[in-house]
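Naming follows writing order (A, B, C and D), and every chain is counted from residue 1.
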Amino acid sequence: MNPDFPSDHPRNIIPELCRLYYSQGWMPGSGGSLSIKYGQEVYITPSGVQKERIQPEDLFVQTVDGEDISVPQTTKGLRKSQCSPVFLNIYRLKAPGAVFHLHSKSAVLATLLTKENTVHLSNLQMIKGIRKWSTGGYHKFTDDVVIPVIDNTHTEDGLIDGMVKAMNDYPDTCIVLVRGHGIYAWGQTWEQAKLVCESYDYLFDVMLQVQAAGVREVHGGVLDSGGST
Amino acid sequence: MNPDFPSDHPRNIIPELCRLYYSQGWMPGSGGSLSIKYGQEVYITPSGVQKERIQPEDLFVQTVDGEDISVPQTTKGLRKSQCSPVFLNIYRLKAPGAVFHLHSKSAVLATLLTKENTVHLSNLQMIKGIRKWSTGGYHKFTDDVVIPVIDNTHTEDGLIDGMVKAMNDYPDTCIVLVRGHGIYAWGQTWEQAKLVCESYDYLFDVMLQVQAAGVREVHGGVLDSGGST
Amino acid sequence: MNPDFPSDHPRNIIPELCRLYYSQGWMPGSGGSLSIKYGQEVYITPSGVQKERIQPEDLFVQTVDGEDISVPQTTKGLRKSQCSPVFLNIYRLKAPGAVFHLHSKSAVLATLLTKENTVHLSNLQMIKGIRKWSTGGYHKFTDDVVIPVIDNTHTEDGLIDGMVKAMNDYPDTCIVLVRGHGIYAWGQTWEQAKLVCESYDYLFDVMLQVQAAGVREVHGGVLDSGGST
Amino acid sequence: MNPDFPSDHPRNIIPELCRLYYSQGWMPGSGGSLSIKYGQEVYITPSGVQKERIQPEDLFVQTVDGEDISVPQTTKGLRKSQCSPVFLNIYRLKAPGAVFHLHSKSAVLATLLTKENTVHLSNLQMIKGIRKWSTGGYHKFTDDVVIPVIDNTHTEDGLIDGMVKAMNDYPDTCIVLVRGHGIYAWGQTWEQAKLVCESYDYLFDVMLQVQAAGVREVHGGVLDSGGST
């Protein structure tokens, strides 16, 4: 922790969460990226580096319109995250307090085991912790929660069109899955974004293990990725 | 650890166990809740917060009848656990020293892979560590241990009726499974409740892996969730 | 670490290994037990306690013939491990420097997925790290390594007869599996016993995953538990 | 960390990575070995010891031609890694900055579930982080990435011929799989070698889980180990 900043400042929270998510396997290699909005400043991890070793001074700071407020010392040789335009687009459209991009294995597997553009979840208590983004309120555990899946593209900013469409089609979602790639997830605060990521990772893993056991109907509910092969 | 309290005081033990259970995946998102009885005081974790960040001063303290003895500073904005009425009901009926509610994945999977209201375990050594609550003594490893499963409800306190029935029907159990949700488990002490949770998580995981391998009869014993689909 | 003892003294090594093995899931609940011989003294963990919280002063010290050399302070209320007679029997028959009893899940699963009294391993590099106990030297990776499995009994000391027979029938083994229960493993030193436990846990897990994928013959070798159902 | 050396010196980095890789299950028993080139010096872990306990002063230092520059104190009784000739051969042929040998379970499983001498990966974002060694540049996520598999041999240096052939046949690879054994992987720097190991471990695990679910064609791409049985 850098004592020059409050303990809940993005310069302290982002490196801490990077170490946590690396240890959980969500940021392998140099994969994944985190951003937190603090006032009018968006703090974003640099690209192509070991996320678990990021220091408070390594973050890029931008406005939601993509203007630089602050960059790391050039001697560090750090580059802006390729996720930056995707993050900023979500900040502009959804006004969240944090947007995370993670390579959660269970999310990636959920996208690979279906050819559809949605994954469904139901009859699981952890659904209840997830807020409906646009209409507000929380899901019932019996709800049919629908999560959009978009196809991967060769560049991160190529994802924006698909993501905008997914957010329009599913206004209550706070997560978009990218096939074979990972998740983009957001929350009103970094705590909420963290809760969303942990809850969905857990939910996808349970869903996949239930499917692997050959059970597709659970007590009349839908616990299935749409049209899985 | 807060040095104002003994090392085994609930204000020290509960935050420590929350960090442990978060790292084991039993308290993802803001899921799960812990309670320990200390004299006539029941210490309970707050609701809807990251459990691994709970501090000694964040706990609610109540009598077993639900009267407040002490609450966190209002500036912290913490809310009572929705599990509180379920916990207190178990304290009144069973007089344990600790009651834990956890989202153990193997327990949740065990409830999803059967339509019955029980899960059976047998021929596993870890059964022997689990005390029969009412009649006393310990199980033999060859016993047919029957664990009640109740259906989930839209509110935590909605679980109480099902849980009372399960405890009446299976007086020796120290754990009740809630379908698609998690476990409620208790012990004479927090150490015993911890042992029960770890033992069952291990047992359910072994059971599920044996089932996944297609083996349902193991040396003449029952190693199967009742009427699994 | 207790600075009154050298860093490699059993009073320091055993608590450290207990914390490690707890974190690896090999000592859930209060399961498993460790022993190390130091000169003529055998140090053994106490029974029925959380192994990851054991302190240097909590160990029982006995001769290989079972006479007490030192016991924990009675105020601690600790009991001798039920594994003690099994451990001492192995010390007398095999003269190892350490004997460990662990509830490794992959070992337990390996015993549950066969009705035979042996598990076979071959064509895996990790076999090479394991010393042949009686005839000396190390295995080739192409060897057919045969690991004895004995049936569980209601008391730990009931295991002794089966274990003696297994050790006689398979003089080169440094591990005996107990069905639905766990492993007893030994080494010339605690480092060797640790290596044996880690290697076999890894090997059983690989074997089970290969079996789960439906592959039973791997490049002409035997990678199969004998007569699995 | 040994303060006599810079924090990024091999004498500090190698022990740190050994502890990390042990905790990830890639260095069980005494398995695996790491090397980093620092100027003209190649630092290599010793053989047959617990890798997570290696100290800065325990490393062997050699030229790429195998001449000793520095060895640990003889009182420590350490032996050179059997991987040394394999490492040095890769340093001479590929001129990397680091070569790691790890027993990654998902890599070992990938080699056991095919009889072919290649594993294929495609349609996964993590492919993009891996540099093409000879022709330069990075893979597209839609590329058909081909990873060579060589058969195991009774000694580590027996692997050299197969590895040379694999490197000639697949000049862009920065990893060679050894059947039933593990990986050899390299990078321009230790950070790159680490990225390669983490990325492939993740990729093989995803590939195996997709295969286990019975899906072999994912959106027209190849996500399959060549001629798996």
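Keep this in mind: a contact is a pair of C-beta atoms (placed from the backbone, for glycine too) under 8 Å apart; a residue touches a chain by one contact, two chains touch by 3 or more.
Everything quoted here is computed from the prediction, not taken from an experiment.
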Chain whose average C-alpha position is farthest from chain B's own: D
Equivalent interface positions on chain A and chain D, same or different at half: different
Intercentroid distance (Cα basis), chain D paired with chain B, Å: 42
Inter-chain centre distance, chain B versus chain C - centres from mean C-alpha coordinates, in Å: 30
Chain C: positions in contact with at least two other chains: 212
All chain pairs that touch each other: A-B, A-D, B-C, C-D
In the complex, chain D residues that touch chain C: 25, 28-31, 48-50, 103, 105, 108-109, 112-113, 115, 151-152, 154, 178-182, 208, 211-212, 229
List of chain A residues in touch with chain B within their complex: 123-126, 129, 140-142, 191, 194-196, 198-199, 201-202, 205-206, 209-210, 212-215, 218-219, 223
